[in-house]
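Below is one structure, written out as structure tokens; the observations come after it.
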């Protein structure tokens, strides 16, 4: 593919094109405290392409021209030898989240995956020292889908999200994240202790609204714990 | 009514037309944390029509063309067989809040009703485990009206808001909400445990400012409880 | 004065004209949580006129045409028989804060006075149950001026703000506020228990930045109290 | 240099020119709570010039024409006899932070330095009463660079930031800040007790993202302390 053809992948007058949506959403996530200090991000998958923001940049200042485009599927889950349809001409690094985003595509058929460093998520991993975050009897649970891409949970379901341990290199989370996704097939996301959360959905709208619901549940769960209120009720 | 006539119901150059106001207000409510994750919303009633945002969508991204329009009054409170003057052409669902909004019209003659999932409201329902949230001696009480549509409360009045228990299906709250409104005729809103709050007023301005006052009172009430300060004083 | 002449008082292309500034500042104060639910506001005094926002309206939606203009000075501090140079043609009420704003003009020669319902101010009045809020050894103290219109405080000064008791009618605070201003001539503002704060300065910039400094000091003072940290140090 | 030539130093159509960036960034810092009440600010250094916002003004309302421009290097660290390439024509005072910003240039070869009064920074200095703020095992540590301008820290590094005691005059912090920078060569910033923080980087992007990471770490560190969670782990 020529360089011009590659650039055409991120040029569109449609505000809902992934190359336009990612900068807009990252700006909004910055104001929610999800992606400050270059952390966090979002990817969007179409039928045969994946759009990803670069690593290590100010997420609220991304432009469409900064977006990486990868083909989907790739022969192997991209780890070392990723294939790109387009790389930005600037000296930008590909996101270390790529293999983790790929987990959501391969194991859940997700169309979009969001990674935040929200303090609510991190505090939840500290106040739930075991391997699972659990909360029940909250209306916002109804905004989360079974496994992230299935049917909506009911008010009577207990929300469970596995918590995996952090690793020095983000890419090394790939296997433990995949293992947790297999062990908890109903989970709509994976918490990473002292780090943040990965949440996916069948498209960017559902990934975003589920991230909002989960972040709300982390926040209110933390408040409840600190106020000595039980976060899981019987029946 | 033809489809074109129906669409005309939500097209207006007037920024204060309900079809323009609802998207603008929902965007503002999103930033207040009232309607994240598709939860919550607002309806506005004119003399013979009710404008309602759709269910299950990102409330900060609603457009006038997404608005449902219902005739008012309807033969029966809309439960199963709702009549619509206009349904958006997209595959959007009507709001599950409709019968609850209707309570505010029928029992209080409200012109607008707001539903939030504010964490301040939910925390208030957790820290006030009984059937009523109570707070006194706060200046912001003066911004709330008797029954939501009557005269303004005085600084010397104790604000009381009933708390009803949540149900798995939002529409099933209709009867318990109506019962609480009858039992507490002075209440300007109804809290729903582990869910949020419904607040109404004679028009959208008063519904909105009363929601702001009540949300402020939930927030400061929660802070006071956690700091072991009494939330109701004598005399 | 004819109605046209009166309207000319609030029409100006200058963004720093009081009739343009008040709406802009109120919108900003709304996002700071200072004037939600119609509470709070700001007045600006020029050599011979006072511009005041109306009462009981959404402060973030005020327009220049909503502004009241009063002559300054008035024969008596305006209490019952206020004289207006301009009243908005809409059915808007004059601000109940007027006599309190007047205190800042008459006793401190202020050019602007701000009233907020900030929760930080209200929580400070609850956690400092006596007649004075006190905090020392905070850099932000240096942003506050002696008596509000004098020279800047030093880092070594202890900030003291009197707290007066709330009254059912806001206008009835006039005398106790004036008495506190006389008793505490160095205070740059007056806290009102369970209500909020009045802060003034020689112009709107100084009134605003001092309100920011004081609100910061209320907030951090409350956090320190709740963390059992001493808020006043010796020496 | 003529006055016109001097003014040309702050006029540029390029949004990334320091004279355009400083106002934009200060506005954004205001909304983060870093520079309210005129406190705090940012400077940007190019090869031979330093751009600094004025002192004692509303940081969210700075215009390019308000910017001071100093030559770099200056014969001596500017203390009393600063040389300016441009001073704004308005009656604006130079920033008292200038000698402190200069520390970051001379001791770390920084290209930009940010000073905030963030409450998270101040609370950290109160809850860490000793001479150093320490936190470990947080993903956001990876967004901070060794000494502010070196290589990125690892997740396994413990972040350490010295805390110096505040002085009545900001300029008097110069020597103790420099001493702390020499004693802690790996620190990316200096906390000032009861005052705020100074953070630098090789350019404005890195100074800003490191300030975001550190502010995040102060905030979560404070939350952890208040929840009795250990902030430093072994191994």
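Order of writing sets the chain letters: A, B, C and D. Residues in each chain are counted from 1.
Throughout what follows, a residue touches a chain if its C-beta (ideal position, glycine included) is under 8 Å from a C-beta of that chain, and two chains touch if they have at least 3 such contacts.
These figures come from a predicted structure and were not determined experimentally.
At the interface between chain A and chain B, two copies of one sequence, fewer than half of the residue numbers in use are shared by both copies.
Set against the Cα centre of chain D, the chain with the most distant centre is B.
As a whole-number value, the distance joining the C-alpha centres of chain A and chain D reads 32 Å.
Rounded to whole angstrom units, the spacing between the C-alpha centres of chain A and chain C is 45. Annotation for chain D: no residues touch 2 or more other chains.
With chains as nodes and touching pairs as edges, the resulting graph is a single ring in which every chain has exactly two contacts.
The set of touching chain pairs reads A-B, A-D, B-C, C-D, using the touch definition from the header. On chain D, the positions that touch chain C within their shared complex are 36-39, 58, 117, 119, 122-123, 126-127, 166-168, 192, 194-196, 226.
Every residue of chain C that touches chain D in the complex is listed here, in rising order: 137-140, 143, 154-156, 205, 208-210, 212-213, 216, 219-220, 223-224, 227, 229.
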